[in-house]
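Just dropping this structure here.
First chain written, first letter: the chains are A, B and C, and each begins at residue 1.
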Amino acid sequence: MEFTVQHIADALGAEAAGNKDLIVCGASEPADATAQDLALAMSPKYGDALRQGQARVAIVWPGADWQSFGLEAAIFTPRPRMAMAGVTQMMDAGQGVPEGVHPAAVIDPSAIIEAGVSIGPLSVIGARARIGAGSVIGAHCYIGMEATVGQGTFLREMVSIGARAIIGDRFIGQPGTRIGSDGFSFVTPEVSGVENARKSLGDQGDAKAQSWMRIYSIGAVEIGDDVEIGANCTIDNGTIRNTYIGSGTKLDNLVHIGHNVRIGKDCLVCGQTGISGSVEVGNNVVFGGQCGVSDNIFVGDGVVAAGGSKILTNVPAGRVVMGYPAVKMETHTEIYKAQRRLPRLQRDVADLKKTVSK
Amino acid sequence: MEFTVQHIADALGAEAAGNKDLIVCGASEPADATAQDLALAMSPKYGDALRQGQARVAIVWPGADWQSFGLEAAIFTPRPRMAMAGVTQMMDAGQGVPEGVHPAAVIDPSAIIEAGVSIGPLSVIGARARIGAGSVIGAHCYIGMEATVGQGTFLREMVSIGARAIIGDRFIGQPGTRIGSDGFSFVTPEVSGVENARKSLGDQGDAKAQSWMRIYSIGAVEIGDDVEIGANCTIDNGTIRNTYIGSGTKLDNLVHIGHNVRIGKDCLVCGQTGISGSVEVGNNVVFGGQCGVSDNIFVGDGVVAAGGSKILTNVPAGRVVMGYPAVKMETHTEIYKAQRRLPRLQRDVADLKKTVSK
Amino acid sequence: MEFTVQHIADALGAEAAGNKDLIVCGASEPADATAQDLALAMSPKYGDALRQGQARVAIVWPGADWQSFGLEAAIFTPRPRMAMAGVTQMMDAGQGVPEGVHPAAVIDPSAIIEAGVSIGPLSVIGARARIGAGSVIGAHCYIGMEATVGQGTFLREMVSIGARAIIGDRFIGQPGTRIGSDGFSFVTPEVSGVENARKSLGDQGDAKAQSWMRIYSIGAVEIGDDVEIGANCTIDNGTIRNTYIGSGTKLDNLVHIGHNVRIGKDCLVCGQTGISGSVEVGNNVVFGGQCGVSDNIFVGDGVVAAGGSKILTNVPAGRVVMGYPAVKMETHTEIYKAQRRLPRLQRDVADLKKTVSK
């Protein structure tokens, strides 16, 4: 990879200063940069590191006195984090899936492979599956019977997609992600203790011990365009209708999405979050890491849940929540401060009792 | 798939009314139903949706005035959720694993494949492994050396089963599930800070920094009959004896079961729950999602743990628990309500102090 | 496997008593032991079990009157848990990966396979990858383009290692573990509600709904020597620099390590823990199960975090923490005790109010 400073600035819609013909071959943190690297020094805290490293050109923070750091050129960008999107996309060396369909792939004769598709070694494409034009399927992937993936899909290694899944364009699947596992849905012949306990908030009643009958998942998974699903996630099939994930939504690693869940557009779901069956999530919702959502509730548009939040009841649109159980962030902060003061409060009350009883 | 109304009613042990010869080809939510679908309208809340959809026949709630919804036939069932088990099993179109042993499977000559087994492409069956009659092994599965799986097993794609695992009949393994990973067990040459901190509840003492020595898992995993393990779960081998999961127990996705754990019969373990090493779990226990259980404790028969519970001490049989640390549900509710009132309580105490000091 | 008592004692650096020529073929818990097993009875609580089982030799606790349990020989060890490391390593029957490179493995001609390497069936080794001498790569593994694994590596089945990963010697990878998934890093064109909410602790301001732009991971993963990574873990690539895991560190199952994280030496990370992007973890840190760490903070050397801790702010070296949010263990205990007494405290304050208002 070789880029001139001017080329990079153009791609980012940014301003360049100094020697715009300077050539770089990669990007680097400022302290680690060689003379061939573009240093990424988007905030003043990188000043010293810039001097330490060997970079001759850097993306710098607005107003930086770039020449004072020994640079020959600089790129200025109004929203540095946004520039990261452009630079890293330009510099990405990829995973090296070989072009074309590898001879060790196992492709059902009834599958439809559109133009310009690459399929890595030891991948399996099932009966009547369809792979959209220009897609890259890594090694060891599995595309189930009658599943469809849209154009420009990129699957890393060991992704599996169950039968009848419907996936839009430009989908990215990280290693080991599971689309279309069966929903976790069981029923006892008679009312169970857990059904009673949920209704009564704690009392199992006189339900007897029983075995669990399986409810099969005859729905599948349906995913919009521009969705990314992280490594080792699990997205369950719906029971009757499809489980649904809206366009533009991104899931981090080890996220669990239960059967029948519907997630809106442009959501971010951070690592190890779990969303139970039949939850409705709006658009532009952000879940921090390790959040949990109880089954059969809704989370409105634009909700932000801090890491570790366990959401047990409906959350109206726009709310910022935290805690177990999750409450409004400001309520959580107020409760938390009061807890820290609790031991002192108890001493105060003990003193008061003494004073009053005199 | 084609079924008459009568056929479905018979299979469910339910009553049919109206045109019992009507034929359906699938099941659907009431609003989405075509004229060929059986609508699943098990509660009165589906009334409007029934009118919206095109279904000519539905499973309806007890006492429903089915003709008023424009239906030609109806099926009545006393416990609707239970009917879901039967209907979805009938209507399940499956994953389409081709019959027989796929030529691209790699099967050790010493493995024993019983009658009527299907093995998908690119699956590996190790030395002296045994696959029970009528089992279906999906694509990309791995059955380790000397492992046995019982009759009627169904493995989805990319399931792995380690050496010497012993699995009963009718086992279901969801995609990417891991049976027989090595236990997480390490020891330092001298007493470590974490050993001290656990004993003293917080004080690491004067333990020095040390490296960890590996304790190998020479035990395996043993699983009863009718067990289902979810997608991307991890079930660790025992250290000396086998880790054990009892008959009829069902695990959701991304569940972690540590080494030496023994789980009883007919338990439900919801998504992302983790059970640490050497825990004993009784029969008919239900763990909600994202529960955690500390190592070396027991959870008695029939315990129900609400989602997110972190169980740090033994739980007697029959108890319903919640919280971190988990306590009886009613204690949790009481503490939680008190917390919500804490800020007010602090103001009350401040007022009292003023009044009393006058 | 056959070992004399003397052989075992020598290997453990322990003392033997009685018939040192006695031969054992395996190890067992005392109650389950056959006459050919070495019973592991490292504490007096196993006394009764020793009498129940058939073992003729046992590893016993210091000072045990071994002859009274009907044993013909005994092995004494000063730190019994440490002896477990040696015994289980001796007795481990392994996973049976066949020697040599399996004909059904797919190996790029430009890959470098050093001496004495075994590669299981259906594994893929990418272009210019390097596998260190004496390594054992299980079935269904994937080693990406230009990745290197050191000498004496052992990968269980279905491990994937992304492009350009650099892994040291004696690495152990459990089934389904994912090294080098892409980091979870997205940015909106303008400031987002979640950025505002993090700064203001709860207020999203007037940010509008936007779509997410992807920041690519051009860094990789770098791992020291003697590291073990559990089943179905996910270790993300760094954004610009490499994500780093230091020598001697061990990860349990289903652990998530975000992009740019740096973990020091000899840490233990228990199951289902998640460490967000750009966290710095020192040496000899222990995370209990299901811990979480917020992004961009540090956790100092020798910190111990109890199971379920959610670490939201920097933790200084040597501290023992617990809770959500995590605080010093003793603070947590104090708060928790006060919470349990809260309902009573509220009654006390109500009584005081009545008394005072009279």
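Keep in mind that, in the parts below, a contact is a pair of C-beta atoms (placed from the backbone, for glycine too) under 8 Å apart; a residue touches a chain by one contact, two chains touch by 3 or more.
Labels paired with UniProt names: A, B, C = UDP-3-O-(3-hydroxymyristoyl)glucosamine N-acyltransferase.
Owing to the predicted nature of the structure, the values given are computational and were not obtained by experimental measurement.
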Exercise. Compare the two sides of the chain A and chain B interface and say whether they are made mostly of the same residue numbers, over half shared, or of different ones.
Key: different
Quiz item: Through what angle, between 0 and 180°, must chain A be rotated so its C-alpha atoms fit those of chain C, rounded to a multiple of 5?
Solution: 120
Practice problem: Compute the distance, rounded to whole Å, between the mean C-alpha positions of chain A and chain B. | Solution: 23
Quiz prompt | Contacts with 2+ other chains: residues of chain B | solution = 122, 140, 158, 176, 232, 254, 272, 290, 324, 339, 342, 345, 349, 352, 356
Quiz item: Inside the complex, what are the residues of chain B that reach chain C?
Solution: 106, 122, 124, 126-127, 140, 142, 144-146, 158, 160, 162-164, 176, 178, 180-182, 184-190, 193-194, 197, 201-204, 209-218, 232-234, 236, 239-241, 254, 256, 258, 272, 274, 276, 290, 292, 294, 310, 312, 324-325, 331, 334-335, 338-339, 341-342, 345, 348-349, 352, 355-356
Exercise. State the interface residues of chain A toward chain C in the complex, per the touch definition above.
Key: 26-29, 32, 40, 79, 81-82, 84-85, 88-89, 91-96, 102, 104, 120-122, 139-140, 156-158, 172, 174-176, 226, 228, 230-232, 248, 250, 252-254, 266, 268, 270-272, 283-284, 286, 289-290, 301-302, 304, 307-308, 318, 320, 323-324, 328-330, 333, 336, 339-340, 342-343, 345-346, 349, 352-353, 356
